[in-house]
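There are structures below to look over.
Here chain A shows up in two complexes: once beside chain B, once beside chain C.
Then we have the complex of A and B:
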């Protein structure tokens, strides 16, 4: 058995999980609430790009449809916070959690009503092409997923480390009151974080749809990504990606080594182990937040 | 004091839910002055500052800054107008570096040349922060975090600085150090200051004018020198022990303003 094949497809899956987990962590850090609709955001992004670019639909060029999808999802994220989530400002966090679960359901059934419940595949310009490295045959899509995820992670790192807006986002998440005192428009910053979560969801959706069929219930994948975020240490951006990769890698090996059906348990078993032995997650920021 | 009032508060009221935290406070801060507000825990001093800086809403009354009503505006608008709030308890950004904490104080400003000039100015007042620029702010000692909060406030280039208990939890030596810096900032950078303190002795030694807050209202106000000399302030805030004609200390002394 050639393990390299398993590793590559595991990494590619893991990248998608990692990106969804990244969306969880972004919103959690900024607003201290978990957006349980992040998986459904991913599904929505995938369905929008399929709607825009597939031949049996609008048929826009793939290279135009991708940025368009990203913009649509960013605007959606921004206004979802501005018009809906912000109304719960100051309410207990559980209210936001329930709200996002409801939004997830609305997206799932809304998408089903508009575009149907059949699984569909994104038509990319590189469908069916393969890359061969020695004995490893790498689907072009899988390579693209890994590269795009790395690029996005790098871009986010630079954004948070070096841009004024990125630092303001960090500041607002570390100490909201102090952020108000230095004149950061905290509420607007939170809306922008939701927009960023929309962008990440769009990218993960496009990547997912390019290498596998998607239907409205694919959003439930978000639960697996949630496990990835927990493994990485909720609140750590690199941790989210690495948590995703761990789950992505474990899955194919579990499917290979364990009796049928048990591989589905693996991600959650790992999450349990992490929670028991390192409750703050593998990459928790060691310094605890004040209060 | 011929200079004009830069901050004028009139009959301000604010609530925490149903609880009235400040009840009809009126006060004035003149250009270039250091004004202090003394008072015990729960007197409403912090609430007053929060209402000025826009973090809390006023239920009634007005706050006029440089001739413009600013009460109930968004905090970022008030920072842009030139009021910066240096909060109590070193509210810094623990996971950002010291330098990033200082720089983010200039969030509302855009002129890069002026900002970098102010950065240099701030680091001359707080050389220890320049030394520790790269380490994350959460690792600083309490006194250094307090300096960081003041430095961050300065980066907004404020006309008026609201200082909430800069001496809280610091050793007497550090309190001295910070108050010397505040005095210099007032004299050299022309920063007007509204200083809330429980440490009445240092506050009065620094201030030009003082107010005493009790139960959410202003109980008395006077020149800082006059307050220092006042019998009530001496016994209730400065801890000077007075003896009556029988040579014994009266434990239940009446305040003259009640």
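Then we have the complex of A and C:
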């Protein structure tokens, strides 16, 4: 058994989980609400890029379709907040949770009604190409997934750490009233965060579609990404990616080592353990405030 | 307008506020008991379905509506109640013992399982319960010798004191069984709400800190709430299993958990009425869609239009409408309409305005 192969494919899967988790964390970090529809967002992004690229539909160039998908998803995220989610401004967060669950249902239904329920693959220009590192054969897609994820996570980390907008987003989450006092347009900021979550969903959707088949229920993968976000500590960007990688790595090894039926339990079991023993996650954001 | 003079402290905890209210509820009781003689067998089956949903809704309402703890995992406890009941029936335990025992087992297991995760709050608790729901599906497959794994179980024939009850042969009797359980749960729930424990639940929901200050043991109360909630949901699950006849792990998947929560939100959080209203919506929605589909295709001359998954789509759309425009659900709307007429012409628009608050992060405590 060649472990390095398991590790690489696990890492690539983990990156996709991590990216969805990143979407959760983004919205949570900036609005304190959890977007339960993030997995379905990813599914929508994947379906849009398939619709744009594949020969049997529009068939435009892959390199044109990718930015187009990202823009479409960003606009969608922005207007979803502007028109729907913003109406719940000032309401308890559980209302937003239930709203996003319902949005997820609608997305799944809408995509199924438009594009059907059969699993479909994205036709990328690099199908079948491989990269060879010593004894490890790496599918080109898997390599791309890992590199793009790391680049995106790094970019977002720098964005939140150093840019003015990123800091405004964090401020708006930490204390809305205080954020208003220092002149941050909190509602606009939240719409921008949703747009950003749309971008992340589009990227993760494109990556996922290049690796595996997509159908409307793929969005339920979001539950696994939840586990990733919780393990990393909800609210921590690097935590989300690392949580995703942990789950991605645990899965193939659990499937290898445990009898069939038990391996799917592993991600959730880890998550429950983390919740019980370290509720704030591995990269805790929780801080005790000194009075 | 009605004026109420309370002459004793007991007046606050009477089951009915006044005679007229008692009259209307008794009239409703007479109606539901007489229902099998009023409508045909098909709709009695549907009414039974609604009652089962309502029992499950009441179970979740104890936890979400009155204790304020969100749970996205109650399908797991429905599954537990259902499997416990059927497994005992298959081993020859009489129904009158197996059924309550199934509820008891579910309640105890629910309270024990959730003890470690009760320290979590809000969204974390919801995610942990979600994980329990996902795990349960896999556990059902793993525990194949007991649960039949993927192929599932068939509900055996059962009888109460020699009277055989079957959904298809004697739908009326099954309806009365569901009605009886629903009324028992309803009575217990009403009593709970006026007892110290129920008041502790509500205090916990409104503010954990002030509940603690008044001497409520938070962890214990939450665990009891979870236990009661799971027990009721377990009874609903047991009934659902007998009603469905055959079931497997997919009957109790994560979507059922979510649907349960969404149902009581549509009905109206924080009121027992809400559980029933939500159950009516969710129970009759598939019929309603089927009927309106026929009407539309006939009147527009279209062939039979079939869009897979349209039920969940419409359900979600209704839900979004409620969250945005009437967060207090169907019951909340009804209270508003009633108040309007009671106070006519003095009703003001802002009477039920909800307090909005600026958000602060949960991550700094």
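One rule holds for everything that comes next: the second predicted complex is superposed on the first by the 286 of 291 C-alpha atoms of A that agree within 3 Å, B and C clash if a C-alpha of one lies under 4 Å from a C-alpha of the other, contacts with A are read in each partner's own complex, and residues count from 1 in each chain.
Keep this in mind: contacts are C-beta pairs under 8 Å (C-beta built on N, C-alpha and C of every residue); 3 or more make two chains touch, one makes a residue touch a chain.
Predicted model only: the values in this text are computed from it and were never measured.
**Q** Between chain B (first) and chain C (second), which does A:175 come into contact with in this model arrangement: first, second, both, or neither?
**A** both
**Q** In the superposed arrangement, which partner chain does A:106 touch: chain B (first), chain C (second), both, or neither?
**A** So A:106 only meets chain C here.
**Q** Counting only touches as set out at the top, which of chain B and chain C does A:227 meet: first, second, both, neither?
**A** second
**Q** Thinking of the overlay built on chain A, is A:88 touched by chain B (first), by chain C (second), by both, or by neither?
**A** After superposing on A, A:88 lies in contact with chain C but is clear of chain B.
**Q** Which partner chains sit in contact with A:34 here, chain B, chain C, both or neither? Use first/second/both/neither.
**A** Second partner only.
**Q** Just checking: does A:167 make contact with chain B only, chain C only, both, or neither of them? Give me first, second, both or neither.
**A** After superposition on chain A, A:167 lies in contact with chain B alone.
**Q** Have a look at where A:132 lands relative to chain B and chain C in the superposition and call it first, second, both or neither.
**A** Neither partner.
**Q** Who wins on chain A residues touched, chain B or chain C?
**A** So, of the two partners, C touches more residues of chain A.
**Q** Output check: A:183 vs chain B and chain C. Expected answer is one of first, second, both, neither. What do you get?
**A** First partner only.
**Q** Report, in rising order, the residues of chain A that make contact with chain B in one complex and with chain C in the other.
**A** Of chain A, residues 174-175, 177, 180, 285, 287, 289 contact chain B in one complex and chain C in the other.
**Q** Could you please specify the touching residues of chain B with respect to chain A in the complex?
**A** Of all residues in chain B, those touching chain A are 53-55, 74-76, 78-80, 84-87, 91-96, 100, 103-105, 107-108, 136, 138, 152-153, 156.
**Q** Which residues of chain A touch chain C in their complex?
**A** Of all residues in chain A, those touching chain C are 31-32, 34, 84, 87-91, 93-95, 97-99, 101-106, 108-110, 112-113, 117, 173-177, 180, 216, 220, 223, 226-227, 230, 234-235, 261-262, 264-265, 268-269, 271-272, 275-276, 279, 285-289.
**Q** If we count contacts the way the header does, which residues on chain C are in touch with chain A in the complex?
**A** So the residues of chain C touching chain A come out as 70, 116-117, 119-120, 122-124, 126-128, 130-132, 134-135, 138-139, 141-142, 254, 258, 261-262, 265, 307-310, 312-313, 315-317, 319-320, 323-324, 327, 354, 356-365.
**Q** Show which residues of chain A lie in contact with chain B when the two form their complex.
**A** It comes out as residues 164, 167-168, 170-171, 174-175, 177-185, 285, 287, 289-290.
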